[in-house]
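Chain nomenclature is as follows: A, B, C, D, E and F, assigned in order of appearance, with residue numbering initiated at 1 for each chain independently.
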Amino acid sequence: MHRKRAFYIGRFQPYHLGHNSIINRIADEVDEVVIGIGSAQKSHSPSDPFTAGERVMMIRNALEKEKVPNYALPIEDIQQNSLWVSHVLSRTPLFDVVYSNNPLVIQLFEEAGIPVKQSPMYQREQYSGTRIRKKMIEDNDWRHLVPDAVADIIDEIDGITRLKNVSRTDID
Amino acid sequence: MHRKRAFYIGRFQPYHLGHNSIINRIADEVDEVVIGIGSAQKSHSPSDPFTAGERVMMIRNALEKEKVPNYALPIEDIQQNSLWVSHVLSRTPLFDVVYSNNPLVIQLFEEAGIPVKQSPMYQREQYSGTRIRKKMIEDNDWRHLVPDAVADIIDEIDGITRLKNVSRTDID
Amino acid sequence: MHRKRAFYIGRFQPYHLGHNSIINRIADEVDEVVIGIGSAQKSHSPSDPFTAGERVMMIRNALEKEKVPNYALPIEDIQQNSLWVSHVLSRTPLFDVVYSNNPLVIQLFEEAGIPVKQSPMYQREQYSGTRIRKKMIEDNDWRHLVPDAVADIIDEIDGITRLKNVSRTDID
Amino acid sequence: MHRKRAFYIGRFQPYHLGHNSIINRIADEVDEVVIGIGSAQKSHSPSDPFTAGERVMMIRNALEKEKVPNYALPIEDIQQNSLWVSHVLSRTPLFDVVYSNNPLVIQLFEEAGIPVKQSPMYQREQYSGTRIRKKMIEDNDWRHLVPDAVADIIDEIDGITRLKNVSRTDID
Amino acid sequence: MHRKRAFYIGRFQPYHLGHNSIINRIADEVDEVVIGIGSAQKSHSPSDPFTAGERVMMIRNALEKEKVPNYALPIEDIQQNSLWVSHVLSRTPLFDVVYSNNPLVIQLFEEAGIPVKQSPMYQREQYSGTRIRKKMIEDNDWRHLVPDAVADIIDEIDGITRLKNVSRTDID
Amino acid sequence: MHRKRAFYIGRFQPYHLGHNSIINRIADEVDEVVIGIGSAQKSHSPSDPFTAGERVMMIRNALEKEKVPNYALPIEDIQQNSLWVSHVLSRTPLFDVVYSNNPLVIQLFEEAGIPVKQSPMYQREQYSGTRIRKKMIEDNDWRHLVPDAVADIIDEIDGITRLKNVSRTDID
């Protein structure tokens, strides 16, 4: 029997409760969610501190409790928009629909004839990767903004120290 | 609580019962198995007919029945052996041990200080990707050599036609 | 008999009447014009909406009426200035002279010992890719700024919709 | 008015009368022929002696006398079959049909939903790049196997000397 | 007998007396200094005017008088921070310690378990690549800020003309 | 005063007495020898066991006793012959002449207008990288075929074990 699958892509730096809310709501409409981890090749930078492998762990552990059947798969950036849909399709299980609010993602999938739906809404001011990373650097509380499992992983890899270090400008 | 994880890499063209036997035996010794899908960028060739996404599906569906906690993650080839371990580590969850019988894989992980164990044995003459692809091309029976879920996926994507076509030499 | 050829490079996003005027004037001085389509790998972005193939069509169709013997050839960006002249030379027919007002292009060709002439002038405030793309996004009239053949192609590929979509910021 | 276009790809090392015959016959069925010059990045090797730019010149000059409306466009190899059709489409004008006898090319375009027809026949034993390059290296006559314009270009670039040199094994 | 080696990385655009002072002080503490020339692939741009080969010459000639045993080796940028340490290690002789004040460099080497020390201090306002290139463009005196050997090489390659040209904006 | 420099390229897997003899004889004719370490990105394979950094060390230490002023610089493979000379020139100090017996190297430098001389002769049957690596794998004596300093480095990095391991076929 064919399983209906949806594709959702993000950078997940880190995976937060906003993402978690979206994925759960997408899961209500399909059998499985294919989660693309964008900019998979990036890590150790102020806007992309975590490796693809670390982000795979975050998503897997966070969704384990939620019982959302999912695939969390790294998608490396490709420097050519015209190849991007083929690139995604070659690295993911077959999916039936894309959920996205990103205009470029929508345009590229639509040109390829793949159905796109608007992502479920969530409080974007509250849950934002940029805002969470800023809190991490400034030692403000960020833990209530991510699933517990994500906070545990960030602690285990000493992620806050890493983020703070790579965010400093050259010292002297 | 820390979960003990093992890493195992293969090309899985296709994922067969030999692989399945290895993964199950590794799973007896650790909490989770991180399965690297090598040569992830390859597909549509006689020795690498299936895309990374198709191989992710094969592994996931085959192991679903087995209840082996696993991550099946594409690993693209990198043209520099000296960078390969870092490449793998950046795309995978943390793991404690590598299972491999491949001398290059063993050497590279050992130089990096990561423990390597010999893979569990299986009947390599019987279960071999090369042999299975040859049977597929020659219309001999191959279905008993792969998990049922893998045969289903190959049928769904019309994989035998694809393999036969890309294996023909230029016609005239 | 040797044909005298000139090389001219641009991004042509889109090909407009300023470009057309330059090429026509270069054509007065040589037998054939080799037109390099720069950033060939780019498309579907606010500053580079059209693919290399679409830009080839624009140039070819626009110049068909003008009877300017020309080659319109995609040139992908290369990340090393020191290799750029060799890169261009390997992808183009032999040429005798370069027409350019771009200081980097001039410097690189001159270091390689290839003669460079200043491009013919045209009204740069009037005819500018940036200005034309802005008009396209804002629904102001842009058709009088490009050759008729170019407007036809942009309509055929629904280029204005594409440009508008990829130029929107992330919606919510 | 829409022009019907066909796509044909080859390496054209060199462009010979067999290719010329095919292109002419394809031209009978469409308005324009888009000619992809494969392995565009290769040159100066025994099997790929000529640069993409040199091959563009060969094709253009040979077809000038034939009055076949055509685009001769370099297509670089891409190491991923799953991206190859998108790669071709992004660098070429829109086309309606592909002519090919290459099983991989056929399979990839058919999976992408693009119509493929078998290439017109010609005497492949007689006209073959491999055979022509062998004749060039061994100082046997090859000129009757290529269009006159191609022989002229090979002379102009001293192509036989280049091919002989890059085909020698390391001397001592 | 094992020689103690230190690694120091910079872009050296150009190599100036601040760098020279650091290298000399590092040389007091080790037997040999391995000097990584970063962004080796870059040249002919306003912030990176000199090729890797030119920078090798600058360093070699400047240090010849100083009698500091050293290796000056080009290190190309790699787009993945997680691979960067392996990349450096594969292109350099074995070293025992890294000297750096760059937070990213420090973080990456420390994650890899390689000891890092703070670089010796020097007058950064006085000796700065940015400041020296600005002086070069504006015809202010820069020669007292670099070793004599470096000034000689910049003259020999006509480096000031190159820097001025690539720093101009598009003329018309 | 201008120093006359020669360029010589090899893979140096490992650097042996044949290479050493060539470099010494080239050094009789110029002031400095620029030694390109080809296939710099390769290591840990049966034909390319040593990293670029290890090969830099071999050459440097071997030539230290000989007092040959030299630069040993890694040159990564580039997949386009037409760009190769520019690639070499951008990573090396200026040189006046190339010494090579490799037909492709000769052809590429001659097309670029750079003088090429034949390399000095040596006993190629005796001193050959292939033959030395075979002896290493088979535990035959190889030490008399390389400079003492090279043997020391190979011991220090446990190079024989590495070569043997990466040369084994997959075990089971």
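One rule holds for everything that comes next: a contact is a pair of C-beta atoms (placed from the backbone, for glycine too) under 8 Å apart; a residue touches a chain by one contact, two chains touch by 3 or more.
Here's who's who by UniProt: A, B, C, D, E, F = Nicotinamide-nucleotide adenylyltransferase.
Predicted model, so just to flag it, every value in this text is computed and none were measured.
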Distance in touch steps, counted as few as possible, from subunit A out to subunit E: 1
Labels of chains that are neighbours to subunit C and to subunit E: A, F
Selected from C-E, A-D or C-D, interface repeating A-E by over half of its contact pairs: C-E
Contact-richer chain pair [A-B vs B-E]: A-B
Inter-centroid spacing, subunit F versus subunit B (mean Cα positions, whole Å): 37
For subunit E paired with subunit F, centre-to-centre distance based on mean C-alpha positions, whole Å: 25
Shared-contact residues (touching 2 or more other chains) in subunit C: 41, 43, 51, 80, 82, 89-90
Topology of the chain contact graph, where touching chains are joined (line, ring, star, complete, other): other
Chain pairs that touch, as defined at the top of this document: A-B, A-C, A-D, A-E, B-D, B-E, B-F, C-D, C-E, C-F, D-F, E-F
Subunit D - residues contacting subunit B, complex: 79-82, 101-104, 106-108, 111, 121, 124
Subunit F-facing residues of subunit D, complex: 41-45, 51, 162, 165-172
Residue numbers on subunit B that touch subunit E, as the complex places them: 80, 82-83, 85-87, 89-90
Complex contact set, residues of subunit B against subunit A: 40-41, 43, 51-54, 56-57, 60, 71, 73-74, 76, 89-94, 156-157
